[in-house]
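Each in structure tokens, the structures are laid out below.
Note that chain A is present in both complexes that follow, paired respectively with chain B and with chain C.
On to the complex of A and B.
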């Protein structure tokens, strides 16, 4: 008699169908194993926003009673496996119904397994993952984040490869035979077996990982909240710590966007013409105006959509870079103004060593570029 | 040849109409009384969409505007939904507003009605009670106004044109109190009140100004100088707190209503008891309970039965929201049986009773010596409730009090053809 659960953490819209396929695949396979299950999404993630972290779950059990017991929680909190469908989510999960930054391994049970789709080695991922008070395992399915849209699905076998890896790291959840049986297509069955054979979990100890305290805040109660559904506007301008002059637009102090990003803009201040277009066009008003009238993308406010890169009229000024290349959210302008030479070195390294990825947003001309790129 | 329109318009001395003076007496209908209150409250924005019997109010208001007696933004919307949405937004930017409808017109505005209460906007509305379609009937039933009973709307029922005018002034004062900030609907029975005229004391502007302070939304007012967002999208981590705030506002309304009636009684020398009216209740052994213009035939019947030595009294519920639980418990704890006459229905509900009977039964349940409750449905669709009907009802209530063969777990339909 037992129950087990799997959570799939993914990028909203871009990976919605992927997450659904994985959760449904688990429930179908469990049925072949003679168990019962249910697959569901976290309701507060809906309607999903492009790239915003979201969750779906699969719970399987031997009996109806056990299943009910497990489902009597809004969000299963002792998962056998957490599947992370995009490795940039290893930095944490911030859903759009905001409650701070949730470590990616937070809802994993002791000795459970975090299964990540990534090209990165384990120690590189562990650098980003918050420390956990109990040991757990980390396993990867080799591959970049599989992104598609709301109405289309990129059938690149990521779903079945994750299921194959799952059967290896948690055979008590679903068996390999059941997964193979549930998949008719022989090519996909081969992908399942390959992933099963290749996945190698590594143990993660309590002293491994990012030791930062995850960002969190307390929600107010009905006696302390503003009445009449009023949300007060922020002051027009905020002081810039350590800066004399410049301009920081008003931002909600509790609304950060660290983990909503898959890529971030890096800015070459030497080529910048101060044309203001990035500042004007940024949908999240993420650019701070510096005392010398440059535009500095603030990483507390940037959601990584890439509009700035798309609208920048200057060649080699704004470049979107995979979020995995960064370990902090420091100001690029401050780094540049302190030491222009090292900044220039840092910038060219970031651009030349950039790990491949897409932020999933499509801007004018970008889709045509991608098609041209794929056909060559 | 017809005379030009300007020749038929009533000539009004604008200065005199606006000058402070003592009360005047006028022969007016309940709808006209409401329109006088709207003018005296100096309402800023009014929206209208015709539906009988509420439409009489919009006629009187537009006449006042045409005559130059009254200045406001008066907008005829393309439907009730827009009608209520417009005043909802006007209220958010700090305008005192008035609106109204009847029957299914009120229901067509339902989305706006829900959010008006949800956003804590102090709209005052007149509901000319009318049967819901189908059949397309004009007569009174209370189901239209009662449909918003769970949303935070305050609901008052009036019995006379005078009470309609007075209650509208009180409604503005209570709704716009920052402790409350909830909308209020004043229900006027179609035909019996909206279309019949009686002598009404119309107070002077000065008297009303002394009683009713200007609407001040404070720092909740939508204004470019006060940048706020209202009506955000929120999920399960916020909704319960928001509902609880509305619950607390609805609870606070009770004290604010009591204060307003105290002041009104002091300043105008009338107004009566907040929440309920007691008629011959002092030594009553059985009590009849109802709302609205039903009071007239019931009072006549009570007087008649009193002459025959029957100790019967009448208790008229003036405010359905907030529900006068404490007052009803106090007034009815001494009687042996209560007969509730609903001019509404709640199909499939407890004992198939109307809304008032079900609420009242629930209010009396905690009493150690609770009276028997016999429920009646009468007067639907504007059918007359005669004094004979009331005497018939009272006979059954006495029978219940004396242990007779009366079913207190079902509902009697009075005056229905079999």
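On to the complex of A and C.
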């Protein structure tokens, strides 16, 4: 008699179909194992927004009563496995449904396994993952994060490979045979077996990982709210120490975009013509205007959409870089003003070491091309 | 007892005089809709909100009908708005704007508030505005004694509830309500409503109606400033590329906005005091100084049209050609002469 649960943390919309396929795959496989399961999304993540972290769950039980007992809780915690479908989520999860940053391993039970889709080695991922008070395991399924959109799905076998790896790290949740039985396609069955064979979990000790305390915010309950549910508007502008002149708009104190980003812009201030287009076209008001009229992307507000890169008229002045290349959110303009030479070195390093990342639909046939390219 | 001359005092119609900003470098830095909202990556509608209120300035009240720009921007105890903002029901942006403008007039008439021109802007999505709220907007545009602006941000679906068809969804687009199948490829066969021109033609007393695209940010700002300066009830319709519902890489929001204009799908025009003026690239298209780009350049970059065949593209192109070549007023009024 037992119940087990799997949590899939993914990028909203971009990986919605992927997460659904994984959770459904678990439930179908459980049925083949003679057990009973259910898959569902986190209610408060809906409607999903592009890139904003969201969650889906699969719960498997021996009997209907056990399943119902488990479902009476709001959100499954003590998960046997947390699947992280995009490795930049290892920095933490700030969903649009709650406030503050949740470590990726927070809802994992002791000795559970965090399963990440990534090309990175385990220690590089552990650098980003917050420390946990109990030991757990980390396993990776080799691959770049699989991103597509709401209508056109990139069928690159990431979903079935995650299921294969799941059968290896948590055979008590679903068996390999059941997963293979549930998948008709022989190519996909081969992908399941390969992922099963290749996944190697490593133990993560309590003193390993990012020791930062995840940020959180105090919010009023309904008894302490103002009359008529008035929410105070933001102040027009915040004082930012050390900056004379320029303009820094107010920043929402209770919602940051650190965990929404999969990429971030890096700016070559030497070639910048101060044309203002990146600043004006940014949907997130993320650019601070510096005293010398440059535009500095504020990482507190940047959601990594890449519009600034697309509208910038200067070749390679703004470049979007995979978020995994960064460990802080410091101001690039400040770095550049202090030491232009080392900034230029830092910049070319970041640009040359850029890990691949696909960001959604461009044209018909693109996903097939990407899959062909990735498999060579 | 104090005598109140209703006729003399009720028509307080002075507006803020907002001169156009000539060029991108003249755009003010001040932000009244700032960071920390929960929209999608590359959300053009969030940019439109930002430009709209940047243009209007601090002495403005904004009312928002249900939709993405309500839900994503004002989640529990958190907001990017700097100016006063209030939520109103899906179909009631017109009524809320009229009510707010009337209340301000009454408060000023009764001396409970200092006399001052305050901008009233009510925004709505395509579902709230062009489907449910059309009658209320129509009523608001008849109330010429009030200064108000109805701003319709159109992402061509009910995007907040995960992409259902609205009256402004384009022909053939994939959506939760119109998934293409093997037997029936095109599940949404209605043609998009011609909302701005319909409202301009149907409300001759309305002094200002415009269409905008945030791909052209400075023009968008200046149309809002013009509408608020002219006063009376006014209407602006913005086409906002939506990375979630249209299914494209979020970085191309700006490009797709521009392509919609360049292909002739989205004509840019303003109707001021009954006078029609095309502007931006649409002006050149109307005067046949530039060729329209083929609509396939715009459609095939979006996952919602990924099921289109040549036949569908030809049909779409034919409808757009008709709009520019056969219509009484090309791109605006669809009748043909005898």
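The definition used in the following text is that the second predicted complex is superposed on the first by the 355 of 376 C-alpha atoms of A that agree within 3 Å, B and C clash if a C-alpha of one lies under 4 Å from a C-alpha of the other, contacts with A are read in each partner's own complex, and residues count from 1 in each chain.
Assume a contact is a pair of C-beta atoms (placed from the backbone, for glycine too) under 8 Å apart; a residue touches a chain by one contact, two chains touch by 3 or more.
Please read these numbers as outputs of a predicted model, since none were measured by experiment.
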Combined model on chain A: chain C and chain B, fit or clash: clash
Partner chain(s) touched by A:99 [first = chain B, second = chain C, both, neither]: both
Contacts of A:283 with chain B and chain C, given as first, second, both or neither: second
Which of chain B and chain C A:256 touches, first, second, both or neither: second
First, second, both or neither for A:304, with chain B first and chain C second: second
Of chain B and chain C, the chain that contacts the larger number of chain A residues: C
Which of chain B and chain C A:219 touches, first, second, both or neither: both
Which superposed partner A:227 touches (first chain B, second chain C, both, neither): first
19-27, 91-99 or 271-279: stretch of chain C that collides with chain B: 91-99
Overlapping contact positions on chain A, where the chain C interface meets the chain B interface: 99, 219-220, 225, 231, 233
Residue ranges of chain A touching chain C (in the complex, touch as defined): 12-13, 46-52, 96, 99, 149-152, 219-220, 225, 231, 233-237, 247, 249-257, 260, 275-277, 280-286, 289, 298, 300-301, 303-307, 309-311, 320, 359-364
List of chain B residues in touch with chain A within their complex: 118-120, 181, 219-220, 227-232, 235-238, 240-242, 244-245, 248-249
Residue ranges of chain A touching chain B (in the complex, touch as defined): 43-44, 97, 99, 219-222, 225, 227-233
Chain A-facing residues of chain C, complex: 24-25, 27, 29-44, 46-47, 50, 58, 71-72, 74-85, 159-163, 174, 214, 217-218, 243-245, 247-255, 300-304, 306
